[in-house]
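Next come the structures, one after another.
Both complexes below contain chain A, partnered by chain B and then by chain C.
Up next is the complex of A and B:
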């Protein structure tokens, strides 16, 4: 019983990070209907930025978020303006954007591979290899800090979306792009901003991942597949769904990891995806017409 | 034989005669190898085009069938002693048999969700093979070496790949000009209207999915045998999917000649880049950049763009 609870704790403390990784993806899909295959490539890029900040300047990976987020925001906003803004009204928008983000992922992977080689990297702050003991349970410090910070960032995002005028404009665009435009929302500006915010969130999660998992340039395929699985589970475009999906799958994969070994735990995400597509293609919280 | 069929027929005869040079003079092993790779990608890109081009269902996971074909051949050869002559076509059967149920699941969705499920399919297939110890697991599986002298070793594989390429392009051509192709293109245009017009969309899509797996699986089977070594991380690569998709887009989706042109151009460009610049990760970045440029500037690819401008040479106008 204690062992099983321990597994659930380990899964749950990663769930928040998964939710942060996927939040940007959901946001971008919600506002622009773009499935950003390059999202995890941005995450890996951010992990490299944190890695070099840590290795060269001894900047703590968590503190490096303050540097990584603005850089990634700029990259994301630029990518939207250069690549996606011009095809926003294309008839073949959905397949075009998937192919474009796929190509963008190849570019990022190629560039990170060229600059940083294929060596496995990870940052090693003290807390990454330490844990708290709570009675019979232990909680790895790195995971706990990462999830706590993820929740803070997700809370800030939610607050921003609920309470500010810009946030309301973003939500309005998510609900109905044409109607938002009619009532005076500058949809192009909102889209650029959202792509930037989504990518900045990817950046923050990349900084956190740098001390949680070893990474290398091609690692993003594994992550993007998992992230896409969990946003499909949650219902694409729903932030609440993303959070629930992240928690469920994170715990499930921790259980699979415990029962069948670490090689099978990524399979949890992919199998879950197929089951969802069979049973409830629009996900837990999605509207039927979404996909 | 009509005049239009003359050029392709002459080309096929010339390609079929090419290995005679190697047998008579020797020293053409490099060219045999390069042509073999071109044939392989022609087969795979044409195969992908049945689903991704005609039906408009983009799959980013079709290299899963490349790996499945490779392993099907490998298992047949090592455990049952089946001759490579039979095991490669059987790999195609395996591709069809596995593609059919997977298509049934994946095609419950469309648009982005379909694309996502194809990526997950590839990841899942790779994990499954990584963990199947009887097939060598992540370390891979060595196949028996072909019992041929070095001078002629590549020749049977050359003919094998040539045959698959011809079969794939011919299938693509026939489908393009048949009711199935018309139905698939109607699906790509507007699936709801196609359904309303009485096209059995579900059936057509599943047939297209399973057929698109066949030639890729055969190509994977021949390649595994040629390479004498199978490894999940080599075969189940998203980079191979990327290559296939890029070829079809570069040449022109939903055309018969497009994937052929795309495969030739991209294999040549790759070889040139590796020879001039060395095999760095920048190749991958360049490939992504080229893909972006084509998507934004020439979404119809080489053949589609030329055709729209009325500049397509008659020998490339295959419908």
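Up next is the complex of A and C:
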């Protein structure tokens, strides 16, 4: 019993990070209907920036979020303006954006491979290899800090979306793009901003990942596959669904890892996805088109 | 004085043929004009062209004496023309209050926004009761009220209503036309497209018959309602002894 609970604790303390990784993907899909296959490549790029800051300037990976997020915001906003804005009204929008984001992922992988080589890297702050003891349980400090910080960032995102005028405009554009235009929202500006915010969130999660998992330039393929499974599970475009999906899958994959070994753990995401789509084709929190 | 004038406008969807083919319409300040006509006549297209979602290919649209045909939708909104589309275009997962706030998105002054929300809620009390409810949970009639209220938020001079009664139960249709009457009483200039031609004309000052992208007839709503041929062609129902060959639904040329 204690062992099983321990496994759940380990899964749950990673869930917040998964949720943060997927939140940007959900936001970008929600506003622009772009499935950003390059999202995990941005995460790995951010992990390298943190690694750089840590190795060269001894900046703590958590503190490096303050540097990484603005850089990734700029990269995301620029990528949107240069690549995606011009095809926003295209009839082949979905096909073209899938190809474009795929190509973007390859380019980022190439650049990180060129700059940092293919060697496995990780940042090693003290807390990465330390843990809290709570009675019979232990909680790795790195995971706990990372998930706590992820929850803070997700809370800030939610507050921004709910309480500010710009946040309201982002939600409105997610729910009904044509209506948003009708009430005077500059949808192009909102899209650029959202792509920037989504990529900045990828940046924050990359900084956290840098001390949780070893990474190398091509690692993003594995991540993006899991993240896509996760957001489809949560119902594309729903932040709450993303969060619940992340928690469920993170715990499920920890349990599978414990029972059947690490080889099966990544497959959990896809098995769970098949099952959910059989039972609820719109995902856990997805909605049919309406109004 | 003519507030809004559509002059020989032709327009259509990108890459498609002309849906409007030389439509003209003049609306006086404070008047309600009801546009009727069969399906595919271009009624909705006319409203979309006025509010800037489509650009006229030829002809001009003049508002307060200034041409507006080349302006963007948000600029036209800023001048005081609001559009309530047929699908109502609400934000389904936002609350009634947030939907109203979005209606005033271009107002940066929070105090002014709160005043305007209070003003439209006074006009549609049901929205005040349901302000915390999500738009998707409202009934069809309430959603239509919300769409109208949202369009009123910027206190526009002209309101374009696209089929406000569509898809609603008969009792609710009555409530919607009462809401239109309230807008009229508030001095708004209204251009309304309506399938329910009789009801639409009954609450309008002027009527306009559109068919195959052309204005067939324009005149006081009361005289359109009284015209036996219009009645047969567009108002349906009463099948009195009419001229041969102009049975309901027949494509006879109405009197011009």
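FYI, the second predicted complex is superposed on the first by the 288 of 291 C-alpha atoms of A that agree within 3 Å, B and C clash if a C-alpha of one lies under 4 Å from a C-alpha of the other, contacts with A are read in each partner's own complex, and residues count from 1 in each chain.
Methods note: a residue touches a chain if its C-beta (ideal position, glycine included) is under 8 Å from a C-beta of that chain, and two chains touch if they have at least 3 such contacts.
Values in this document were obtained by computation on a predicted structure and should not be read as measured data.
So in the superposed three-chain picture, is A:31 touching just chain B, just chain C, both, or none of them (first/second/both/neither)?
After superposing on A, A:31 lies clear of both chain B and chain C.
When the two structures are overlaid on chain A, which partner does A:109 contact: first (chain B), second (chain C), both, or neither?
It touches chain B, and chain C stays clear.
So, does A:249 touch the first partner chain B, the second partner chain C, both, or neither?
In the superposition, A:249 touches no partner, neither chain B nor chain C.
Should A:229 be classified as contacting the first partner (chain B), the second (chain C), both, or neither?
first
On the A-aligned overlay, A:149 touches which partner chain: chain B = first, chain C = second, or both, or neither?
Neither partner.
A:83 contacts which: chain B (first), chain C (second), both, neither?
First partner only.
Of the two partners chain B and chain C, which one touches more residues belonging to chain A?
Ranking chain B and chain C by residues of chain A touched puts B first.
Once the complexes are superposed, what residues of chain A are shared between the chain B interface and the chain C interface?
Comparing the two interfaces on chain A, one with chain B and one with chain C, the shared residues are 291.
Which chain A residues qualify as touching chain C in the complex?
The contact residues of chain A facing chain C are 165, 168-169, 171-172, 175-176, 178-186, 287, 290-291.
For chain B, which residues count as touching chain A in their complex?
Within the complex, chain B contacts chain A at residues 56, 58, 60, 105-106, 108-113, 115-117, 119-121, 123-124, 127-128, 130-131, 238, 242, 245, 249, 280-289, 291-292, 295-296, 299.
Would you mind writing out the residues of chain C in touch with chain A in their complex?
73-74, 77-78, 83, 85, 87-94, 98, 101-103, 105-106, 108, 135-136, 143, 150
Chain B touches which residues of chain A in the complex?
These residues of chain A touch chain B: 29, 35, 37, 83, 86-87, 92, 94-96, 98-100, 102-114, 118, 217, 221-222, 224-225, 228-229, 232, 236, 263-264, 266-267, 269-271, 273-274, 277-278, 281, 291.
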